[in-house]
Amino acid sequence: MEGADAWVLISTALVLLMTPGLALFYGGMTRSKSVLNMLLMNFYCLGIVPLLWVGFTSSLAGNGTGAWIGNFDLAGLSGLDGQGLLFTAFFMTFAAITPALISGAVADRMKFAAWAVFVPVWSILVYTPVTYWVYGLDADTGDLIGFLGERGSLDFAGGTAIHINAGVAALALVLVLGKRKGWPKQPMPPHNLPLVLLGTGLLWFGWFGFNSGAAPGIGGLDLTATALMNTFLAASAGMVAWLVVERLRDGHFTILGACSGVVAGLVAITPAAAFVGGLAGIAFGVVAAICCYFAIQLKGRLGYDDSLDVVGVHMVGGIVGGLLIGFFADTNILGVGDPEAFDEGLFFGGGADLLVEQAFSIVFVLIFSFVVTFAIAKVLDAIIGIRIDEADELNGLDGSEHAESAYDFGAAGRA
Amino acid sequence: MEGADAWVLISTALVLLMTPGLALFYGGMTRSKSVLNMLLMNFYCLGIVPLLWVGFTSSLAGNGTGAWIGNFDLAGLSGLDGQGLLFTAFFMTFAAITPALISGAVADRMKFAAWAVFVPVWSILVYTPVTYWVYGLDADTGDLIGFLGERGSLDFAGGTAIHINAGVAALALVLVLGKRKGWPKQPMPPHNLPLVLLGTGLLWFGWFGFNSGAAPGIGGLDLTATALMNTFLAASAGMVAWLVVERLRDGHFTILGACSGVVAGLVAITPAAAFVGGLAGIAFGVVAAICCYFAIQLKGRLGYDDSLDVVGVHMVGGIVGGLLIGFFADTNILGVGDPEAFDEGLFFGGGADLLVEQAFSIVFVLIFSFVVTFAIAKVLDAIIGIRIDEADELNGLDGSEHAESAYDFGAAGRA
Amino acid sequence: MEGADAWVLISTALVLLMTPGLALFYGGMTRSKSVLNMLLMNFYCLGIVPLLWVGFTSSLAGNGTGAWIGNFDLAGLSGLDGQGLLFTAFFMTFAAITPALISGAVADRMKFAAWAVFVPVWSILVYTPVTYWVYGLDADTGDLIGFLGERGSLDFAGGTAIHINAGVAALALVLVLGKRKGWPKQPMPPHNLPLVLLGTGLLWFGWFGFNSGAAPGIGGLDLTATALMNTFLAASAGMVAWLVVERLRDGHFTILGACSGVVAGLVAITPAAAFVGGLAGIAFGVVAAICCYFAIQLKGRLGYDDSLDVVGVHMVGGIVGGLLIGFFADTNILGVGDPEAFDEGLFFGGGADLLVEQAFSIVFVLIFSFVVTFAIAKVLDAIIGIRIDEADELNGLDGSEHAESAYDFGAAGRA
Amino acid sequence: MKLITAIIKPFKLDDVKEALKGVGVQGMTVSEVQGFGRQAGHTEVYRGAEYTVEFVPKVKIEVVVDAPQEMAVIDAITGAAQTGKIGDGKIWVTDIGGLIRIRTGERDADAV
Amino acid sequence: MKLITAIIKPFKLDDVKEALKGVGVQGMTVSEVQGFGRQAGHTEVYRGAEYTVEFVPKVKIEVVVDAPQEMAVIDAITGAAQTGKIGDGKIWVTDIGGLIRIRTGERDADAV
Amino acid sequence: MKLITAIIKPFKLDDVKEALKGVGVQGMTVSEVQGFGRQAGHTEVYRGAEYTVEFVPKVKIEVVVDAPQEMAVIDAITGAAQTGKIGDGKIWVTDIGGLIRIRTGERDADAV
């Protein structure tokens, strides 16, 4: 077994842990009466999506002969060798966390039964084709054949395919779902910020696997180290930048701000981790943190209730990262060294071509994901209803949807 | 250093983390007045068991010349090379977590001093011989020589040796210990379900190391990937199956149900991880979740207070997994490919032999572990008493046994 | 990619996770009104220190031509190959956690703005030179050239450079900062002990990477397994020893005691992980736990408010470990085998030379770090003030410094 | 002086607080309580075991006012806390013998 | 009308609730409190530092009843909450000037 | 008998408890409450959104004493809880019709 295999194995475990990490990150931000609902919306994705993935979506999303969608040749794990099986497991964790990202936007008001249906449907109708467009490989040659990947836009670990895709889907879903009762008048502060910090720590930890797990097979240790360092620096710089911005604007350094900055930086570097080098990760973190901070302020003005800022952080952070590739992509970085490997960015003599291509793929995915998600939500709403009763919303979803209470600290037990 | 070595190293860390993970999984389920007691019962196992393990139980459990128990040749870490030392550390984490599994059954009422003695005694008298029977190797040839392993029953990562063993020991212990005051009339709901989710996430994460950490040396990347994929699928399928069953029976999807299903699936796949392939992991998860769900309902009827369902999940899940091997074992899976490697299961043309052998080893361990654990508990009870005072039980063990409080959220401090 | 590279990669992730782990470990021990402040003091170090590290402190701390400080040749990540980049990332996690260690001493009363400045200044003026003295390499030959390392004192993973350094800095800082209002009269018990257990679990998990991440390049699998086993045993033995001591002295086994013992053992084995073998790790754990237990009792008598016992655990544990090397260092351990590799300890025929050298380097760092930290604190206090207002301290720093509340469990929301 | 105690639904606290401000109340004391009454509790299920939770989260408000304000305060609370559904809660009034402002030692009406 | 306030041991809440139902009480309000009294608190130890916690967790029950029911309610509570050990708690009774059901505006006996 | 209720700043609880012991009080009941009054609340900011928290954490103390002790208790509380800054809290006194010790059934002065 190669060292590279060991790194993919552990990366699979690392990215798996990101979904519980995300659950805690989001769960800590909800109100205490609906935290279990948030945890289950996330955790459920680790249940249902893998079953689809080994069933057929992995095959459809990864391997084919055309530009638009893969085939069923690898369905049911058929015909895979050890590497193939390992990478199927590795990317299974990505498929699972992507719909989980959406959940933060619909906190505190979505019927769980509707979510239970939404996730597999969305995974099949949106995640699978978008992933193929970006990463689909020719079943024979192994070359990129999905139409976005083939045109030359770059997305290393899932900026467009995952963060933008989930972020804009979140927007579509909340537009159908509506606002939480009382929002934005009523304060709805996080109920457990230590959980948010814990979730952020687990996300950062896992993100090393997310962004560099696939690198050894492409560029060996050099590229893996590059991807890891980029990831690290973007997170650190994102944290510091957010802290500075909020201190200047709101007068305080906050733990929620630090965590948000880390996630914004990580989102932005995701598509770029193996295409930029040197200290570029810092630029990604700083720009993403600033843009996401201001993007979040928009929801109040535009009037959509993106409860935990999935749009503001994942969609916007993903767009920032995708576009910055158009400036910073550099074939001279450690681990690449082949000037033909990909187009270079504006700052490295590549002209605007890559930037245009990045913008094209981003816009394409924004539109596709928004439209299809909106349609799914509308259909679900018509058939089973996606919004819970007002009384249940006021009392909290944990009791009404799940017949559980998150916490019971009282000496009197249930009294 | 090989990639395989790196994977065993990290697997050691992964399985180590499972004990704190288990502590939180169990701790979140207790009442808030006894959570620290539960945490310490678990964590303590990571303190005391390793000292025994490097002292002599590792040697006794692993290496010998007879069918029943090993020798002291490797006691005190003597004579080990790098691989030997590494595997001693790896399996040390297994030795530590096994008695910790038992703790969930005795929540909220056992004297900590009695537990402090029980753990090393049980580890020596029960865990060590059972492990030798299943995994003991001939000191000269390196072949399986423990009598269960040698007869041909299969247990890859510890279904019989760990989960069934601990599960039935839990049953014996609670029969001696008695019920919690007020059980089952008084509701005793979990006090902190986000902790349960966190614990489950850490367990799942660590279980990848648990089930596939030893695979590279046996079947390289192929077998490792097989074991990892099986583990992943059993967990996912267990979650979904449990959610479906409880929705049908109780009307709700719950976070505790999702977590329970994950653990049930993981327990069941543990013995089978390197003996089954394809989509079999899904079958293990589904069957285990259904069986464990119904097994748990029995305790009310049979009247034993297995507080956090160690019997219902670990014993039953272990039995399910052990027996399913008799159906699904397949030497054609990725990473094996040698038709002589082990007996095949009923579904793969192997006849009923393996199934019988599995049942034999399960029953043997059930009886041995039950009897010896019961005897240990009785003796301990006679000498130092294993049950705390009624008043202390009502006030909670954290105060009376540990002189601590788990939480203090009040503005008035200790007021 | 080598297995060794995979292990360094994952070790980087492991040590990264230690900072959130430390944040939770400390955060659980503060009062609930200041937990976010504690979390942010820690987490912030993962933001700011990496930016300095890739900027220039990594270069200054690691590579040079003289005995006292490195040069700027590798500043800005220039000129690094894959291994160089990877190790820069790996050691970046060490640089980040070191000032974070200090934070526990100043809990509940330090201005965050002052901390925000203190961390980078301390990192540059104290951490960077001390690290160079211990680990600085000759830019040409790659030999140890920093004056402490070159003299022959041993510090494998950061006992002197990290734990003693941070521990004594904590002492200097609290002497300038003063005591918490009401200390020691007013009880200030931990507000969330499950968080402390979780933090300890994450620290232990990460510490495997901390102590053995750099070992493969030096002594391959053998030395890595040695370092891992030492780490494991010191933690286990530290836990058991602390539990025994507190049971004898205070009458109870406590979860805080178990966690403290683990950390004490881990601190003590840190400098020694690759220099001792066999069962020596147990000795380190036991001695460290006993010494730290009693050292903590001193603060009440000496009257300095080291709130979460950074001095008592990290400084004292580091000194214990550093000195024990003078007894236990052994060139015959698995993974070394070269009698010239380093001086042997008293118990292994090496005479007192090593012990003296260890003492020298410890005293040198104690004095340097204390003096410079004291000066930094005094200057900061004069310029911006390091202590918050009394009213803010009474109300808690989370509100006054960060405009956040850690928890909101109430049904009435913010009511 | 009168002590007016109200038990209300938690999500009505903000409205009641504003209504009380509206009638000139300058201070009040609030706590989280559990109520038992006509309003049904709910059922929880843990691993198949069903429990009935008979208590419902409520908020208790205590306001001390000068006697003549009693009716205005009661009306303000009733108006703001009413949803018309079972469980809206209760108000009761107690005579108190005196009120003191700790800060100044002022008494009764001056202390409000 | 009478407001009956009882401070009891937390684990007795269920029994007291049932006893109150038994004498026809249809509503009550419960909260978690800390009691100080003859019953000793306990000691906690953190890293060798010992603290005495003088407060003991208690549950407070408030029931408003029509005056004639007073004795029945007191007896029900006393009967159910008594363990005979120190710390069983107290009951006290206050006259209240009026009770209002927020939902309907009903008053006094009708509002119970 | 008198029920004396005091709302104080949380960090003053210890001092008040000692002061009450000092005047011979042998029991009291304490709870965490939120106060609204002249003392300003504070502002919280989450991702740039600012909220005003108008409630301030307070501690409520309830002491039942024999009528003659009323003034001593009030003075003890006032003395210990006073910081002179806004928000020190209130004390109010209610007549109670009777006190019972659950353990023994003792009444009134004997039950204290």
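A few comments on the model shown:
By written order: A, B, C, D, E and F. Residues from 1 in each chain.
One rule holds for everything that comes next: contacts are C-beta pairs under 8 Å (C-beta built on N, C-alpha and C of every residue); 3 or more make two chains touch, one makes a residue touch a chain.
Note that the structure is a prediction, hence the values are computed from the model and not measured.
The set of chains touching subunit B and also touching subunit F is given as A, C, D, E.
Least step count on the touch graph, subunit D to subunit F: 1.
Counting C-beta pairs in contact across A-F and across A-E gives the higher total for A-F.
Centroid to centroid, with C-alpha atoms defining each point, subunit E and subunit F lie 18 Å apart. Look at where the CA atoms of subunit C average out and do the same for subunit E: the two points lie 50 Å apart. Computed from the mean C-alpha positions, the centre of subunit B lies at a distance of 45 Å from the centre of subunit E. Of all residues in subunit B, those touching 2 or more other chains are 1-4, 6-7, 10, 186-187, 189-190, 192, 198, 202, 250-252, 254, 256, 403-405, 407, 409-411, 413-415, listed in ascending order. Multi-chain contact residues of subunit F (touching two or more other chains): 11, 14, 30-32, 34, 44-46, 51, 53, 55, 58, 85, 94-95.
Under the stated contact rule, the graph of chain-to-chain touches is complete, every pair of chains being in contact. Residues 10-11, 13-14, 30, 32, 57-59 of subunit E touch subunit A in their complex. Only residues 184, 187, 189-190, 246, 249-252, 254, 256-257, 260, 293, 296-297, 300, 309 of subunit B touch subunit D when the two sit together in their complex.
Of all the residues in subunit A, the ones that touch subunit E in their complex are 410-413, 415. Residues 182, 186, 394-395, 399-400, 403-405, 414-415 of subunit B are the ones touching subunit E in the complex. Interface residues of subunit C facing subunit B in the complex, by the touch rule stated above, are 1-4, 6-7, 10, 14, 31-33, 186-194, 197-198, 200-202, 204-205, 208-209, 212, 216, 220-222, 224-226, 228-229, 232-233, 235-237, 239-240, 243, 250-256, 258-259, 261-262, 278-279, 282, 334-335, 407, 409.
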